[in-house]
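There are structures below to look over.
Shared between the two complexes below is chain A, which has chain B as its partner in the first and chain C in the second.
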Partner chain A sequence: MAVFQAALLNELEKLYKKKKVLVAILLSLAVIVIGQLVIVGVRSGFGLRGTGSVEFPMLVLSVVVNTILPLFTALVAIDSFSGEFTQNSMRITLTRPVSRFKIYTAKITSIVLFILGALLLLLVFSLLAGFIFNTNSATLDSLGRTVFSYFVSLLPLTVLALAIALLANIFKSGIAVFFVSILTFLALKVLGVLFSQYSSLFLTTQLDWYNLFLVNSFPILKILRQFLIMLGSGIMLFTAGFYIFDKKEF
Partner chain B sequence: MKFKKKSVMLVSFTVGTLLLATTALADIASKSGYDELKGAIKLTTEQASEKFDSFTLDYSMALKDNGKTLESSNETLKVDRTKDASENISSGLSLNGDKRSSQSYSDKTTMIRVSENDPTYYVTEFTKERKDDPFTNPFKEDEAADVEKIVDAIVGSLKDHVVVTENTDGSKAITGSLTEVQIPSLVNAVASFQLKQEFNNQNSNQNNSKMPRLTKDVFVKEVKGSAKVNADGVMESILGTAVLSGKDEQGTVHDISLEALVKVTGINTTTVTKPDLTGKKVVKDIARYGDAEMSNPEKFVGKFKNDIIIEKDSKFVKVGERFVDITQIDGKSVEGRYYSEFKPGFEEYATSLSSFKFEAKFEQEQKTSANFEGTNDSGDKVRGHIYLSEYEGQVNFNIDNFNGSFGRGLMFNSSFSPVLD
Partner chain C sequence: MEKVIEIMNLTKSYGNGRGIYDLNLDIYKGDIFGFLGPNGAGKTTAMKIMTGLIRPEQGDVRILGHSVTEEYEKAMAKVGCLIEIAESYHYLSAFDNLRQLARYYPGVDHKRIDEVLELTGMLKFKHEKSKKFSLGMKQRLGLAAAVLSRPQVVILDEPLNGLDVEGMIDIRKMIQHLAEKEQTTFFISSHLIHDVELTCNRIGVIYNGKILNVENTQTILKNYATLENYFVSEVERNGRVSSSAS
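So, the complex of A and B:
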């Protein structure tokens, strides 16, 4: 465990040292500021309320979970694998007395922690903006559901990170991975609209699964099914990704 | 060790695949509440338009502002398919406070209307039996499948908000409710903008409307719905409520709610009775319009005319007369001549379109209208359209490319009245 912790710390430090984290923070804040400006504009321009204090974080989540969060997940995951493959710094990591399984797990964990950090940042700042600039519409129930929605969004994003890590291990070039990911993402989005009866199987639809937790009746069966689908695909992707990573020669 | 790692990976990959496959299949097979709702609506409309011999459809709607009724309407439609008869009773309160109530009855040969503020029975008798299906199935329309797909896509993740509870007798209750957090912000914004415009437009059209004018902080507060489906899968009632909240100029908060209830009752037990007209004040008329075939087209043989008018020195001046002279007509075609006569001093207005002969074949469906083609005195082709209006006792005669004459202030009127003296 101590070895894994060291590997994870190592990965986190590498992540932290990169400018991408700073860019992620700035972009997240920009989304909140722009979103709030749009809401204020709509309110004074069209006479609509736009959002209340709790709806604003939900609006932010619905936007970022389909745009900048997958994008940053992809960038960080690609950087963590393809970047190190091409710079040959992966060799340095591998020369340490750490098994490849632990390195792979540490890399994935650091990406997940990055996503969690981004979600928390968005949650805190959008809640702040929501309460400062919007009419109060919060109840304990809706506030709880909002916070919960942010946390459950971590799961589909983790699956996404695993999928991109697999792609990064298949293709050598980071740019290729990036384009394949984006094209697949868009294709799945379109397929989700065209075949709406099967859309719950697509990862792009699962990104919106936090909506299930907002339903009054709490559709536990549906949530369980979605959870198992994500768990199943997560296990598959992790195993496949690790298999290739394990077999790779540097 | 190497072997062990491989088998662990194999096992975990298999477990993942199985987990994904089984739940995916279960997910596709599971019918969501939304699907059940859709199925029930489809089945009900299909049965109502094809299978039921008779039924009663109750529809009521109320628009309330902070609990005070602004507008309401109640409608009861009784349909008896075996007799091809239907009865409609409607009453309501309009936005400017007027109450209304009326009743109508319709079968193959008659239509009877009466309203509360005018106790006269208006009876229309049809010379021919008409085919009037009182209820058509909207899902049988051509574009229904596409519309359904679009609606499915729009509803998207909101599908999961529909909940079905099954009762012991096989009937089901379908409910759904959305509050402001659950409605996606974009949907909420677009919907509230639309509704705000709609309400405010209505306001400006009606002066003494009681509808509050919302200007600030408009949003959709709540959308609720519930439906009852009986053991046969037929929807017996559906109730929907939507609440729009906003502030008016003075800053007062208004919660405007719209409630609609549709009920289907008396399946195969509804009877439609023709109103008893004995001792009532009755106004009768025979339906001419909507009757495709003219009974005696010969009545249109003869001259029809109207005035040729120009605008001169800010006044209308009559400069002559136009004539349509129908010489021959039967159920298939019409023949005649069109000409203009100008008063002395205005002959300069005569154009190449001022006189020509025409011949036209009636359109298949409508035996009163036809496109004609004629030749004028100089041998050029003239095209246009003729419509014989039994209802007005007039001929409508339009010439294509007549625009050229407008420049000189010459006006064209397409209605020609018969020359009777």
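So, the complex of A and C:
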């Protein structure tokens, strides 16, 4: 366990020192500021209500979960694998007394922690912005649902990270991984619309699964089914990614 | 004598016909073993297998009694290595690069990091990011990383690459000091034959993926004027006809 902790700490230090965290904070703030400005503009310009204090964070989540969060995930995952493959710096860790399984798991864990950090940051800032600019309609129940929605969004984003990590282990070039990731993402979005009866199987639809928790009837079976689909695909993606990583020659 | 590295029936072939075939070699405690061979003979392949970067098709390597293919963490626990080019995270300082590695070894603290930086002449660049380093400085940092954990076994592939004369002498002294004082075993490949002659006490010659001979440096120098003559004669004896040194 101490070896895994060392590997994880190293991965987190590398993320932090590469200034990715700073870029993530700045981009997240930009999204919130722009979103809030649009809402204030709509309210004062057209006299429309816009959003309430707890609705604003949900609006932010619905936007970022399909845009900047998958993008952050892709960038960090590609950098963590393809970046180190091409610079040969993977050898630095590989020649230390740590197994490849622990290295792979530490890399994935650090990416997941990064996504969690980004989600928490967006939650805190959007809640703050919501309370400052839209002073109505805040109840404890709606606040709880908002916080919960942010946390459950971690699961589909983790599956996405595992999928990109797999691609990063298949393709040599980081740019190739990035393009394939984006094309696959778009293709799944389109397929989700064309074959809506099967859309719950697609990762792009699962990114919006937090909506299931907002429905008053609370569709427990549907939630369970989605959870199991994500868990299953996550396990398969992790296994496939690790298999290729373990066989790789450096 | 205690065997530190056991290379047993090691085989790994590449599509281009190169590779290593049925390699067998024993390295004993306190050896400074020089691994000599022309380009493409299989030196780096053997060393990459020894450090787990690639897997053999057949055979195994045991370091301090532990199999590299089956008990990697145990096998590498007391090993330091530098394979091909000394890699470092260019966005981290020399100190941060070593601190990353230090986390894998319980006994290595900040004082030890300073010690190895001093040993390799890198202390004055401690807080500089490695992207600004010259090839020689990167190599020194790589050597500092290799000896950081006070390893019992050090595997070095072309450790003198990019070093100036002063650097070469420093590193040679460091290797000899560690072998004498701390009984560290070294496994070194180099194309700088003169330096191998000055540094190593046992020499193995590899050619076309096969070990031709293993001999003590002293014995070699009794029979040949220089190590270069021995090397050329060994290689010629095994089928290669080209030399200007014999």
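In the analysis below, the second predicted complex is superposed on the first by the 250 of 250 C-alpha atoms of A that agree within 3 Å, B and C clash if a C-alpha of one lies under 4 Å from a C-alpha of the other, contacts with A are read in each partner's own complex, and residues count from 1 in each chain.
We take it that a residue touches a chain if its C-beta (ideal position, glycine included) is under 8 Å from a C-beta of that chain, and two chains touch if they have at least 3 such contacts.
Computed from a prediction, not measured in an experiment: that's the story for all the values here.
S.K.: Looking at the overlay, what does A:Leu9 touch: chain B (first), chain C (second), both, or neither?
M.R.: second
S.K.: Contact-wise, after the overlay, does A:Thr105 reach chain B, chain C, both or neither (first, second, both, neither)?
M.R.: It touches nothing on chain B or chain C.
S.K.: Once the shared chain is lined up, is A:Asn66 touching chain B (first), chain C (second), both, or neither of them?
M.R.: neither
S.K.: With both structures superposed, pick whichever of chain B and chain C touches the larger number of chain A residues.
M.R.: Partner touching more chain A residues in the overlay: B.
S.K.: A:Pro97 contacts which: chain B (first), chain C (second), both, neither?
M.R.: second
S.K.: Applying the document's definition of touch, where does A:Leu221 land relative to chain B and chain C: first, second, both, or neither?
M.R.: First partner only, chain B.
S.K.: Residue by residue on chain A, keep only those touching chain B in one complex and chain C in the other, then list them.
M.R.: Dual-contact residues (chain A): none.
S.K.: In the complex formed with chain B, which residues of chain A make contact?
M.R.: 42-43, 46-52, 54-55, 58-59, 62, 135, 137, 142, 145-146, 193, 196-198, 200-201, 205, 208, 211-212, 214-217, 219, 221-222, 225-226, 228-229, 231-240, 242-243, 246
S.K.: Tell me, which parts of chain C touch chain A in their complex?
M.R.: Residue positions touching the partner: 48, 51-55, 72-77, 79, 81, 83, 85, 87-92, 96-97, 100-101, 103-106, 145.
S.K.: Quick check: in the complex, which residue numbers of chain A touch chain C?
M.R.: 2-3, 6-7, 9-10, 13-14, 17-18, 87-89, 91-92, 94-100, 247, 249-250
S.K.: For chain B, which residues are in contact with chain A within the complex?
M.R.: Residue list for chain B touching chain A: 5, 9, 12-13, 15-21, 23-24, 26-28, 30, 32, 149, 152-153, 156-158, 160-161, 163, 177, 179-182, 184-186, 188-189, 192-193, 196, 214-219, 245-246.
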